[in-house]
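Both complexes shown next keep chain A, but they swap its partner, so chain B is in the first and chain C is in the second.
What follows is the complex of A and B.
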């Protein structure tokens, strides 16, 4: 490609056929001419040119929300790099030693080798504290970015066909990422991480029927034993990173194969992708973004202290610090365990600890299971077998958005539960009142969130319809001779109007008769159940106006503007055009 | 992906596309109606696709001077980054760590070793500048005309599918499996069983919690060595000094352990008395932790059965929460409530350790204690019930809800 500043109109067309490109490039300066011979030699042996021709100029669409997954990927890479550094000095051993390192306040204390070597990394290895904090911040950002990315994909419908499999890979990544994080912060064997392991032990024990066996198998006997740190070390640096890497590779490969989804707009269709080429634009943008994420993480590791475990001291099973909390992604499980009522039953001569098992395993279990199943539920309800590459705006799928927000509300209540003690002390509230409030709100808030979100979405749909038929208010007020006011409206441009009206819609399906005209049971068709769910999903949607209604509305706006309003306030017939196809009255 | 071979030829830019709008809405009206009736999906495009918007030139394209200035800024970033990286190396060698007598930085909210701060700042800024420069290059100077690339359905073409199935059929025919089905199934079964068999080695992950092993591990504490003839003193859990009943004041709480735990600390099994050889310090410490509180005998309720378990209002409970096993320690002197800092289960020590709030389902186990001739607190038996969190085989006990 010629130098950007000297581009002329003929090269700006960019995508000329490859032969032409080669010829134009040959004319201009070629900064990488020296690479030609090694690249040719490589191609002679592995045939890179075919791959490059297909993918070098692959088009990716541009949107800030597409960066969230990139943040997750880059944080993961940072964790891999810093993790290698940490393994050079960390000793995953629970052997008891007497500390004789350079941190004076802990001198002479009994501690495990794991904790002592973590202190060594923090105090005696130069740059060790920086790398340790970078690893921890990277892990937090990894999981946080995965959550954010997952919400973006969910609320824009990017999980729909053909991307269901990639969504499942994502669910695998986020659930394993959380476990990977837990295994990691349990390794230093300080008082906080030991408390986390004590919790894990109590939770494993609570598994119905197999609890004691699971505990003895995981810990190599009773808690804490002498094996758990080295076992978690294997899980943390070999097993889970290996699985995560494999899933990441598959996730990325599918993104390349499917090509990225894009937001709707003029010229964007289900059959194309509009954006910039991988080389050079995304090579610079995505590559540069890796450095931005890394740079920000390094600065966080520099300025923001995380997990100062020398303040907690070595693990001591007879001690605990008030305010002990896990890293944020385990907060919902922790909070669920805190706000759960004390239910424990004795059936068949066995103890069933519902107070631990239901929230401890159930909350994150329900989240990940629900996420994994959702694309298939929606697919069944809509009966939609098409491929989707255009994203939906959240308000264009009100019920899905409402379900997502309801789940977030319940999750948030559980998460808050994990901080009930800190809320009580910081806001001087009753701990018991907070706990009871959350016990109720974890059921009430999703319902309220669902209803409110759905109403907002439908209102936004109506606003879109209003814009399509009446244009947008110009802010240009006119006082009329009879004292009334009139605000001029401006019809939307074709680009805007197309963007707001191009989406597909779903309407409730009717159940097909279960028997045909001859009284014979029919196969296929729409079941009563599906019809019911279809009504639940789509009954209240405000459908977009038809082409005629839009044309009529636009003419009306033009006419009104021309007539200066006849002394009426604008839109006294508001909604007439936009809403008359609405189904809410059915 | 083989279908994408021709894709570089598919791409168009906005200007070319504008005149020939692409519309995905290429179904016939009859198809639409049929589809709408069958699955409730509406495809109409009430406003036709106007095609990709015209490209708008950036300021940096229109004004070569501006472009040149931006290029200079970016070059500056790319020059500053290696300079900072060299500074990082210099700081690494030149500034000693605090533990080697190096300086601390104390500036507002930042109190950190100078070496840490200097290295982090230079490295972070260097890495960030490379990123900002590259992204700025892409945003301001690289060609920003959007391209259109055609998509291809994710599925293979019908032709490919047929051809692949034909290959599969040939392979099946070559293998002869259709005539020798049993052999094929036998292979599948063999791989399945042989793959599962080695998993049996995982049975050695830990000892099996059989009833007898449970009784020797999670169902007893070091206090099981206490008998009326050979009692075990309760000792302070930090200093291991025995606790005299007369030294305790009303309202006081002491974190304690059995005295024989001290013999496990930092010793090899060979150095210990015979009866303690098989125990591990951490495992026992995590079960035997106790709290001793002294309450006004008139303000507490002592069940008839436990009337001899306390010494004038001095009571001993397990410190391990019956919920998930955190050591409990937040003591409310006036109410006799003990709060677990992990999940806020609250126990009433003045009333058999009953749960008064929170997720714990069972009362805290109480250890019967008395005093020896010298007035020190002693235990003469273990807890009646296993301490710590529940497990499936745990038997229900009258103690569980208090008495």
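What follows is the complex of A and C.
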């Protein structure tokens, strides 16, 4: 990129507009004639042509799952736009006033300015309720789509080298997105958001030793204080959106820099990207998708009520309501706290309470720490130091997929705990029974999920191997004269066979001997511990057949089809086909 | 000769005098004797007898033949007629089967039968009586008073019954029932007698006026239109999160599949 941007007269001619027009006019109609003058002006000043040539022609691969990240991006943009509207009317103050607005069921009540202005947005500002609901649905979709995108990246192995850094940026985006959502949920100062804030207060206080001081620091005194709304407002509209925007930009810049991963297939290698260029194909597709995401969100905001805070009433620390839950991305922490047994210890004459800290801080902490560390753990275990631009199908990495599903199972148990009261009333269950069930399942379900997922993945690997060596069933059943049945198999096309067998195969690393031939202790190498983990990771994988095995299997399938298809039977494969008989000609 | 003297030997004079005398005696008696009470007493006695018959048939197997209570059900001596009116008219009693809590269901009894049962149990010992309509009538409350009823509701009731009176879970399979479509009389009675898991809210906790304000608030939120679209079952953020995943992520995944399969694409 260090090339000077001065134009070379020999390749482009002396740059005078009439001459250019004359030269292009000869070639036929110019659909973008009107754009030429401003585009040239921009090119003169910022080197648009060089930028555009590089980026507009950038090739992206095509797969529906690559659009999940776009859903997150677009819902974030929608939150930014609707958020600007809401800031015009929202007053982030905890000053107490008497409500005199148009919602008569709260008339005359004392409430904070924040809640009163949220009611004003909902009832008195034109379009306010729609925009508020759009903002809230957008926020839910933003975090949900980030989780879905993260799962796609995890299960296809897209986080592997060289994309570990981008994975970390993604972990930062999800965790900050969740905090951003929580800050927004707390701003209206209604009974539900105040209860949520009380929960956050409890989590802050649960930190051993520093808890109380941290609470006083965050709330500017004892909960709830009079500052938290304006502080959260700053966090919600300035600090976190700024950080999120910066991280989003870096995240996408890295996607461009690394180039997008692609699923394996004929012609796709670690060194190329097969797809269509940014302009015009993806510009149209992505632009259209933005409008679709907006449309879906507007429909949801129009027809589906979200957070009817006028029913919750103004926040009052003396009140609470049944059915108080956080938005879903904090549900695991809430659920963990709900199913946690009341553990306390008495050390040095002090009470150390673990019943909030372990589930509340522990579950979210374990989730985000585990996510951040996973690529590095896997790299250490597998010893895989190569670059990967081709994705894996989930079953091609059974242990990783099983670890992911196990984590989802445990997370889901905690999440269910956050809805235990609703499950109790809706399904007529005992709250205590649900609590005990989840206390056990949060440990048992990951193990079961791990084993089941791994078996399914290995079975799918074996199916792939079966397809490679024996072809796929054709669906043509033939009844043999002696009453047996035979199904014809069709060998895979070369393209299909390539797709199924192109992947690099990994075997467990061997521990290097701890001493060399002279009995001297060696340095470096593979430790026994790492070899053990590597066996755990790769040992059960079904290895793909060798080229000879595939060739032999394909020949066998051809041979079998030839025999059965053309009626001449021999007894060489089992003898159950009987002696020579005429079979129907197909 | 005046009118009376000339006709005192008239054949009709005697019967007329008799009728007049009887009338005067009657009026005199009515003025002195507590006539109305005596007829009401017989009415109550009749009701109590009828109630006792109903009780023996429908309630005695759990509550005992004399309502003294058994291992299956508590004693009803001193619970008062309001308790019976609440439990029986909302269908909670008699229970269809043993359970943690008696569910609300259509009642099998007529109003007269319920009144008879209530009168019988009420006669067993002093307790909370069935309220008069003016005790739970919501007419005449100002908007501010209704809003304050909401505040009282959130302070005292929403912890179990939910902010919109949709009910909530309690330990061991018990629950606070929804308050939608509950008659004002029953809300009043429930507050005063504290049925099942519910605490008692006596006159000293909540005055009759405050109860009326709560009832008015509950009736008003029931009547409110669903602003902002369908209420998704009133399940709060759990329901919202579920729909964000199903319709938002799920729906857009379907559309993403459609987009990726349309137009120019890499084979």
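Going forward, the second predicted complex is superposed on the first by the 536 of 586 C-alpha atoms of A that agree within 3 Å, B and C clash if a C-alpha of one lies under 4 Å from a C-alpha of the other, contacts with A are read in each partner's own complex, and residues count from 1 in each chain.
Operating definition for what follows: contacts are C-beta pairs under 8 Å (C-beta built on N, C-alpha and C of every residue); 3 or more make two chains touch, one makes a residue touch a chain.
Quick caveat: nothing in here was measured; it's all calculated off a predicted structure.
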Discussion item. Per the contact definition in the header, classify A:339: touching chain B only (first), chain C only (second), both, or neither.
Written reply: first
Practice prompt. Figure out whether A:431 sits in contact with chain B (first) or chain C (second), or with both, or with neither.
Written response: both
Discussion item. Looking only at chain A, is it chain B or chain C that touches more of its residues?
Written reply: B
Discussion item. Just checking: does A:547 make contact with chain B only, chain C only, both, or neither of them? Give me first, second, both or neither.
Written reply: first
Discussion item. Quick check for you: in the superposed arrangement, does A:469 touch first (chain B), second (chain C), both or neither?
Written reply: neither
Practice prompt. Pick one for A:219: touches chain B only (first), chain C only (second), both, or neither.
Written response: first
Item to complete: Classify the contacts of A:145 with the two partner chains as first (chain B alone), second (chain C alone), both, or neither.
Response: second
Worksheet item: Of the partners chain B and chain C, which touch A:93 in the superposed model: first, second, both, neither?
Response: neither
Item to complete: Would you sort A:288 into first (chain B), second (chain C), both or neither based on which partner it touches?
Response: both
Fill in: Partner chain in contact with A:420 - chain B first, chain C second, else both or neither
both
Response to the item:
chain A residues where the chain B and chain C footprints coincide 123, 129-130, 274-276, 281, 284-285, 288-289, 292-293, 296-297, 301-303, 305, 316, 318-324, 420-421, 431-432
Worksheet entry | chain C to chain A touching residues, read off their complex | 100, 143-144, 146-148, 150-151, 154-155, 158-164, 166-173, 175-176, 217, 220-221, 224, 226-232, 234-238, 240-245, 247-249, 251-253, 255-257, 259-261, 263-266
Worksheet item: Once bound in the complex, which stretches of chain A touch chain C?
Response: 61-68, 71, 75, 104-109, 122-123, 129-130, 133, 136-137, 140-141, 144-145, 148, 191-192, 274-276, 281, 284-285, 288-289, 292-293, 296-297, 300-308, 310-313, 316, 318-329, 331, 418-422, 424-425, 428-433
